[in-house]
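Two complexes follow with chain A in common, the first pairing it with chain B and the second with chain C.
== the complex of A and B ==
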């Protein structure tokens, strides 16, 4: 798999994969736990994004994709893909296709993912470009709600005690999911990336998620978050425009495309792992994986199971974005030093 | 390339799935544009009004059904209509004042929970029975055939002229859950002489329930001024003294700037109000020091009206202005004093208004 991508392409892939599925719902759980403190917690945590990605940039050469590491990440990304698919299908079912059998939507998405995964790597790399105008349209739609925002809803802050803040760390991790893909995508981009480019990307990521959190927080009262689980879609639903009856439906399809592109990038990542480990006939293995994929996605596409899957994510994220890279990089560097000092 | 094309085609085809299992034909539905909710807890009566094409003309039909909840009644009505009633194009939702004295959200949950329902519909309370507002044979004698359109336009007009607050279904839900601001909705009644639905005033809520208190249309205008949510026009006529003569002057709001001073036991609601003279038959406004005299008298009159409105709100324990939002955000000691509605009622709230005449129309 010979792939070359410009830094912009890599950052676009990372942005799509990190925002894709989670940005419409991460707010509810975070606000449920942290209340009005959610926004400043995201401001504070978001500031850690740059050091995190800077460390990845500094040490990505020392991260080697051994078979064990690849299997672990492969399983994690497979789980991510299945959970995201279930969530996407569930959301589509609730908002757009209430009578359409879930299995039909899941099978269609799976065929699409398979087709995208086994086609040229440039497919996954360039799919994100389709999303760019749609992201802009979506943000413009969301800005219609500015007149309805109640800024006093953001205050007072500092009401959460330490225990609550710690409890809120879990749901606050959702926007960070997918950052570990940097380690896989980075080798496709040659040369050293400047700190400026990392800061710009981190800033855009931070602004995007902050916007997605502050708008619902200022739009809904705290008590409403107990019942509204898709705040962004609900905001769009409540906007009255003369040119379309249901703005939320347009957005649901934009979000669906966004989610599917995210899943395609995860599919690309798994195919890349197969390539790195010289798996013979990756398309055949991918086809084989589609069977459990459909079955598990169908099993998980129920409200309660989706909620449980979302609760598990922060723990997996901690393992795959912090602990595992730290261990792998630490041991590889030690090994490298030993080899360098060997006479 | 071939596989990529398959992927792109599938991506584009996915939204079209709605045409397979979720298709709905207009010809199979009765589009309900007006709903009236009456009755109490566990015994809800819902009235539906919908247009129907018969012999190339539109006839407005009404149906009603009872049930344990709004949704139950809605399902029950399908037993007596030719086509399924579809409420996704709802324009006006009427609720009887007695029903609104309970937990209002209980009647509205289904409307928010179903994705295809329209949340931009007008919401209003009605005094006494719902039937006269629905049109049809049992409708108010003066009400035209197309009751839904009539009410829809009427509610749009009263909002445009700032006679009452007008929150749509979505805003109503938001305010029902808002701890810092109470809901207020238009209150309608059937006028004795014309037999037509007419604005009675602005119904005041405390939390999720209607208090039974309401503001008259003039106070409704002041509420719009206090909340800074006036419609396109806000006009008011006052009598001013010029020498020995008492003359009418009509003003139209250009804009207002509020500056609230919130203390631990007293609140000052300060407003700088810019107006245009809409009517002043006594001649030029600009004559000698007349404009300053007019401003002084208008300031006193507007301030008195605003104070009266605030007094009424305090008596009802209904913070329809939204002072509580500011208090909750920046004055935690005052907020935590107890239930905000009680605190709001007991606070010393004064209004200080300053009216400035910025324009005098095309005449001096």
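== the complex of A and C ==
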């Protein structure tokens, strides 16, 4: 199946995947560990995003999707999808519809995922576009809170020692999850991408997550983060507007749609892996995968298991965004050089 | 011999009682005059016959050929075709010739404005049930040689499907695609353009139309200029325009006749109406059934007080009213205008008021359903209007079952469906998806037409853009 996408479509997919589920929760763990230093740590780590994506751009030709690599990434993305689904339905259950059985919500999400996965590739590629007006609405809602922000909450900084900083590296990885999709999506975009486009995308990504971190940090005191799991939702709940009583309820459904689109893009990635490895009848396999998907997501949709999944994510991210690409690219380039020097 | 010929020809036409065959003499040669009495203008036929006779008498070489008549070697197929298409045929058994005289006369209405596509300002004419008249209306507006007509003969019938396009504007791949589809239709005897649509559409089971139906020549003209192709049958006033995108159904010929600001405003109102028509009842049901805490407290309290007096669940309330509106609409569509208006007044005002007074539904539900109905009628296309009206029912059921969750589920499913949809292989949601900034503004704004040389063909993407 021939898939083609414009650079802007690829970056939009990457943005939706990276922001989708995690942006409402990554702050709490980071701030719990790093305190006020969380924001400058994110500033510093975010600066590494561009070199990371630049290296992917430079060497993506040398990353080949062999069956073993595809299986490993396929399992990782399946795990990511399941974890994100569990987290999403759990959060929705707490905030929005406590009486609806979790299994019903998971099945509904699975139906959407399946529908998007077996659709034309362009459907999943373009599904993120519908999120754009919603993202703008969400940011406008969040900007209502600017008058309540206490900017002095951001200071003083530099209180964390080296051990704390290292401990904070784990939760700080959450915004970076999904960057490895660049390696899969990039070949569908023809031509060379300029550094400018990479810088613009990195900048937007960085600004978005910084905004999502700084606003809660300036809104709540550090002590409050011990009891606030979803600071963004709390901020929206506390906003007074004339047209609705509970702004957070509108937001939570925007976030749900955002998360589902994220999952659809992961589903698209797994379907492309099947395609790259010439698996016969991918829709049938996708339908088969829906069964364990529902079962595992339902199993994980408990607070303790979600917490464990969140702790594991940075390690998986390290493996699949750094170590595995490094190994695959290194061996492929060595192989290529050997072939070039062979008489 | 002639008696035998007469009987043979009569048998060819199944001895139909409106088929006439007469023995005549033209320039001293015996001939048989064949025609359907129901299809011809007798005086015109007599005049042409006299001219042909005079030509033959005077030994003029092309005695049978004129703008209205043609001479062929005789064949049964030729005779059948010519008579069935409304021509008068003169058969010369001795010389084995056949002269076909065009003298078609069928009852026709004048090209008046279509009742379902009226405009405030602009041309007030419309297509009729005759393709030649219709193409005449187009050629009158577009006096250019690259307006091409291709005709496709239907099997088992002499009626035709006509493909019309502008050679310089229509993308060749679109023309080739329509041509291929028209040639591959296995059985091509249609009695409505809707059947033709069924054969040509990309996704037949979608509620969304993939061909724009119109009876307005001006609408066809601006679509031809945008590079679209138009299909006519020779017995219907409806033209089918393709490839179209979703937003084309929200454009009205009025937009181009009104002021730029006014046209743009109403275009945006129509687009907003799409969301109102589909989502408003579902939103109301969600709010009152599951999420009343979203409303400001005073409104929420007032609403709850109202709901206490109604014995039914909000979904049942909404279904009662929606079905009632559909009944009024369906009843008034086919009734004479005056009776239709009476049905509307009796249905809308008298029964509507009685329903509220009897406590079957709340006032607020009446407002919601009435707004929804009005929003659905804002669409300038009858097909899209029906799609929108049907779609609100599954949304209402989802909202009644799961609240906002159901609405989000339904909306995402709807978008997945729309993203999968195409019209003659062109994406349905273009220029939003795939995004084309040069045409994106046209969705919301009626752009000034002061640079017609820069008119953007609808489906020409910049190189490198994804389909």
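We adopt the following convention: the second predicted complex is superposed on the first by the 343 of 343 C-alpha atoms of A that agree within 3 Å, B and C clash if a C-alpha of one lies under 4 Å from a C-alpha of the other, contacts with A are read in each partner's own complex, and residues count from 1 in each chain.
The criterion applied here is as follows: a contact is a pair of C-beta atoms (placed from the backbone, for glycine too) under 8 Å apart; a residue touches a chain by one contact, two chains touch by 3 or more.
Bear in mind the structure is a predicted one, so any value in this text is a computation, not a measurement.
Steric overlap between chain B and chain C is present once the structures are superposed on chain A. After overlaying the two complexes on the shared chain, residue contacts for A:190 are found with chain C alone; chain B is out of touch. Judged by the touch definition given at the top, the superposed model places A:270 against neither chain B nor chain C.
In the superposed pair of complexes, A:129 makes contact with chain C only, with no contact to chain B. Contacts of A:95 after superposition: chain B is touched, whereas chain C is not reached. Contacts of A:5 after superposition: chain C is touched, whereas chain B is not reached. In the superposition on chain A, A:152 makes contact with chain B only, not with chain C. In the superposed pair of complexes, A:119 makes contact with chain B and with chain C alike. In the superposition on chain A, A:244 makes contact with chain C only, not with chain B.
Only one of the stretches 168-176, 330-338 or 402-410 in chain C has C-alpha atoms clashing with chain B after the fit on chain A, and that stretch is 402-410.
Residues common to the contacts of chain A with chain B and with chain C across the two structures: 96-97, 100, 104-105, 108, 111-112, 115-116, 119-120, 123, 245-246, 253, 256-257, 260. If you check the complex, the residues on chain B that touch chain A are 1-4, 6-7, 10-11, 13-15, 17-18, 20-22, 115-116, 118-120, 168, 170-171, 173-174, 177-180, 325-326, 328-330, 332. Listing the residues of chain A that touch chain C in their complex gives 4-6, 8-9, 92, 96-97, 100, 104-105, 108, 111-112, 115-116, 119-120, 122-123, 125-127, 129-130, 190-191, 242-246, 249-250, 253, 256-257, 260-261. In the complex of the two chains, the chain C residues touching chain A come out as 290-291, 293-297, 300, 402-405, 407-409, 411-413, 415-416, 419-420, 427, 429, 432-435, 464-467.
By the touch criterion stated above, chain A contacts chain B in their complex at residues 94-101, 104-105, 108-109, 111-112, 115-116, 118-120, 123, 148, 150, 152-156, 219-224, 237-238, 240, 245-246, 248, 253, 256-257, 260, 264.
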